[in-house]
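Below: a set of structures, written as structure tokens.
Same chain, two partners: chain A is paired with chain B first, then with chain C.
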Partner chain A sequence: MVKGIPVSIKFFAVAYVAAIILFLIGPLVVVAGVSFTAGDYVTFPPQGTSLRWYEAIVTSPVYLDAAWTSLKLAVLVTISATVIGAAMAIVIHRQRLPGTTFIGGMFLAPLVLPTIVFALGLLIAWSSYWGATSLLTLWIGHTVIAIPYVIRTTLAVLATSDKFLEEAGRTLGAGPWKAIFYVVLPQAMQGIAAGAFFAFNISFDEAILSLFLRSPEIMTLPIQIYTQLEFSPDPSIAAASTLMILLTVIMILIIDRLFGIQRVAG
Partner chain B sequence: MAAVALNNVTKAFGDLEIIKGITVTIEKGEFVSLLGPSGCGKTTLLRMIAGLESTTSGSIFIGERDSTGLPPEQRDIAMVFQSYALFPHLTVLENVLFPLRMRKLSARDKQVERARAALELVQLSHLADRRPRELSGGQQQRVAIARAVVSEPQVLLLDEPLSNLDARLRENMQEELIQLHRKTGLTTIFVTHDQEEALSLSDRVILLNGGQIEQVGSPSELYSKPSTRFAASFMGSTNLLDAEIVPHGDATAAHLAGGQILQLADGPASCGPGTVMFRQEDIQMRPSSGTSQLTGVVVTRIFLGARVRYVIDLDGQAIRCLASTDKLFEVGETVGISVPVDRMRVLRD
Partner chain C sequence: MHSIKLDLSIAAPGILLLLIAFVLPVTGILVLGIENAEGSFTSAHLVKFLTDPFYLAIAWRTVKLSLIITAICFIAGFPLAYIMARGGPKLRLWLLIVITLPLMTSVVVRTFGWMVILGRGGLVPQALNMLGLVNRNFTLMQTETAIVVGMVQVLFPFMVLSILGVVTKIDRRLEEAARVMGCSFIQAMRSVVLPLAMPGVVAGSLLVFTLSASYFITPTLLGGTRLPVLASSIYETATKTLDWHFAAAQSIVLLIGVLALLVPYTRLSGKANG
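The block that comes next holds the complex of A and B.
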């Protein structure tokens, strides 16, 4: 430890941490606070405490349908993005195919491209060729924007693993597919799990694509919250949001139990 | 019977030829070293035998079988990597079971028996349930070896397996490798850049330079009878003097660059420009008054305990000499140097 840090720097350090807490955690606290209000309006601090808005959403078919749609979609996206992303990461890592760098760049593009452009493009293309949007449209859209996260986390783990492992597997009698299944995939598992977690969350709270592609059939929870806020704001939106936060926290705890959050995040 | 036969094997990456036509046969049960400086192609050649690199031309036979185009898993080999490449997600026992399971060798319960026997061989039975990262470098090394020998491959390939170990552990592992080879009788090809390691472990050394075989022979042959200047300098600290070889009576003599003349035993066939080689331990030093062949001046004296190393300036060419401590010479002293005729060799460049 360096001793004798000037007071001014200490002050800035404290202020910095305080600002992070204020802007990062603050909104979550506000939303959670509002969700427990006994009143009829979205106000903070809440007026009294009750669980009436939680009761309202768990008995509301609109919210339940939206939650079910979101959950279904998130699970589908998790599966497709994880399979495609992990496979792509392994291909990029091996650097054997010509043009891997280019293909890898294409797959990572959704990270930097404005989602709104992608959403608009997908909507126009889909409507022109296949008509009305459906859960399938949204599934494809969410998969595309979730894949880069799976690729990134899987590649990060693969980059730290011994590059001779696969070759060792081959010289010990494993064919190309067996080597991937028994050697490469187990190495990449932590990264794949982290990627799957990201994919689920991205799909579950994605709003731009869902908004552009929305149809009665595919009203997701974020869109339901947004619609409610737009037309008849009441604290039910805070209750729904708080449950979404809770779901994320539970998933983080599960991931931590299974893989260790430090390793997955690193 | 030959365990491995390489017939005019080449490897090129684009225009760059890494392996330039190597033909060599390795007998069953032999321990052979591929020795050479970095970039000589020794690891590439090993990887070609393993099937990890393709062969540009020529053929590779493993046992009776032409394995030139076969993928690694279809060759009857096992390889130990420099980094050991143990599977971190498997226990020690599961690592050793891996080749048996992949190659479907013997029934399931027999597999465990064989794996345990292999661990016994490297004295690691007590660590069977550990993960590789919980082991020391030397232990990991042994697991890697157990994993390679468990399937009793036709050929065991070792790619600089000792280079990541510290000096003492390295010596222990060298002894263990010799014992292991004796116990298993596996044909072993060992890649190293360390000539001492090659000399102490192998039945035969294949010295590579620039993608070609420089010399093949037993360790003692390579050490005492190097056939080229490169082989001589690579096989240990030695004295190489530029000279013009001329006839001298029935034998020949070497006219050294500085004008001094050295009597040689070789016949007149070897006349022309060449290199005279002799080892530092074969030099006899005397006070200059003696009847020595050559005269030089002591430049450096390094006391090594049992011996003393001198660097002697011989008309501009430095020679190294390992002498006893009985008679010490001072720096700056003019000394006489003799080398027994049968200890000198004339090399072609």
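The block that comes next holds the complex of A and C.
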């Protein structure tokens, strides 16, 4: 008779999974803990509880400006990356354009190519052709790295969609553009929406491009936190970080609802 | 013919953006790294990197840390991927959320958490102090250990997801057959599951290695300026000394290393998904 998995291994497995969860989530919990401290220093466990550091950031012009810049940027990136990414996904899915596979590969390149190389390239190219970096530079950079996510989620949905519906639409008299807007896009909506939330999250959290292209005009929230970490960490960083974690959790839950987190992983 | 025109007009804005904002800047780096101030070819920047002991030490540290990080991600990630693949759908969903959360959190936020935990008076130094292993002022900050710990948290999900994709496709009956024929659980793991999961393991390792070689925020914040890795050296050169030629040359070194590993990666992950 074959024995099941030995009890000792099962026991070990539970302890191991618990340790992994602690390792992955622990640092985030610590950040949230620090943010509620009543003391003046970054310590964990926190000294007492208060919301004073939240009060400090919502009344600090530096943090408010940074949050506003990040939000503005993330919304712009969401729009541009979603429109371009969805359009590219439709074209890649149809495989009618010669070289579609190559084009598809090129668009996924920003995922695997070290962001630092792209960031340096964009900084140098922008500085030599147009001068000082601005919100526009960062908008373009974030759009390039967010597009692959929109393409992937949209393609995943298109792969399971019924390709004859578009033909049916055409046969029933819809023009090629009409067929795209009324048949293909609604079919792909779920993937496009999930991609849009990804794009927002990527832009809002991104720090590498933002650091390279940094200028006083584009002090985003991650850069504000980074700068303070380098010089004088105080619990206000923890409060800002906790709000960012909260936003990420909300994004993950929305993406899971829209699209299924299982498919993101696949 | 008509439909090709339509597709082309849908794709045109995206292709244009990619060419101008991605292909052009990256190509620019490749040129700049092998060019002197007058614009003619020189290998001086590359030679400087490859002969100066200071930069060689940086390259070695980058490779060494990336190897350690990859090994830890594999050892810790493989069992988790297996548990996720064989566990119930509910467990899998929750574990996926747990791995996705650090993946999607901003790198500065994650790293800040480790600074609190590993720094002076943090949880880990305090625990070590209570065990009597270190004195009160002990800190793990500015050490290679801190870099490894912080990076493993970031890159762990990539390894788990790569292995998970392959393990879910392994026929359970193969394991059962091995057990029926007398293998213990561990033996079945080692001689059936692990070999079959190899494409996922190798793909995950290549991905983790290349990513860990190209991150610079976590190493800079946790390791400090005394422990530079290749990516942080690129950042320093580009923003502090403003030597763009040399920053580009270092990027070329990074790029060549990464591409050498990514070519087998795309082959493997194509196979694993196909």
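Here is the rule we use: the second predicted complex is superposed on the first by the 239 of 266 C-alpha atoms of A that agree within 3 Å, B and C clash if a C-alpha of one lies under 4 Å from a C-alpha of the other, contacts with A are read in each partner's own complex, and residues count from 1 in each chain.
Please note the rule applied: a residue touches a chain if its C-beta (ideal position, glycine included) is under 8 Å from a C-beta of that chain, and two chains touch if they have at least 3 such contacts.
If you're wondering where the values come from, they're calculated on a predicted model, not measured in any experiment.
Aligning the two structures on chain A places chain B and chain C side by side, free of any clash. In the superposition on chain A, A:I250 makes contact with neither chain B nor chain C. Judged by the touch definition given at the top, the superposed model places A:M88 against chain C, while chain B stays out of reach.
Of the two partners chain B and chain C, more residues of chain A are touched by C. By the touch criterion defined above, A:N201 reaches chain C but does not reach chain B. Of the two partner chains placed by the overlay, only chain C lies in contact with A:V30; chain B stays clear of it. By the document's definition of touching, of the two partners only chain B reaches A:Q187; chain C does not. Look at A:L258: by the touch rule set out above, it reaches neither chain B nor chain C. The superposed model places chain B and chain C at 100 degrees from each other around the C-alpha centre of chain A, with the value given to the nearest 10. By the document's definition of touching, of the two partners only chain B reaches A:D162; chain C does not. With both structures placed on the common chain, the touch criterion links A:Y226 to chain C but leaves chain B unconnected.
Once chain A of one complex is fitted onto chain A of the other, the partner contacts of A:T171 are limited to chain B, with no touch recorded for chain C. After superposing the two complexes on their shared chain, the closest approach between C-alpha atoms of chain B and chain C is 9 Å. The interface of chain A with chain B overlaps its interface with chain C at residues 176. On the chain C side of its complex with chain A, the touching residues are 2-4, 6-8, 10-11, 13-15, 17-18, 21-29, 32, 76, 79-80, 83, 92-93, 95-102, 104-117, 121-123, 153, 156, 161, 164-165, 176, 179-180, 184-186, 207, 210, 213-214, 216-217, 221, 231, 234-235, 238-239, 244, 247-248, 251, 254-255, 258, 262, 265-266. Taken in their complex, chain A has these residues touching chain C: 2-3, 5-6, 9, 13, 16-17, 20-21, 23-28, 30-31, 34, 42-44, 84-85, 87-88, 90-91, 94, 96-98, 103, 106-107, 109-110, 112-118, 120-126, 140-141, 143-144, 147, 176-177, 180, 201, 204-208, 211-212, 222, 225-226, 229-230, 233, 237-238, 241, 244-245, 248-249, 251-252, 256, 261-262, 264-266. Only residues 161-162, 164-165, 167-176, 178, 182-183, 186-187, 189 of chain A touch chain B when the two sit together in their complex.
For chain B in complex with chain A, the residues that touch the partner chain are 50-52, 71-73, 77-79, 81-83, 85, 87-89, 98-99, 102-103, 147-148, 151, 157.
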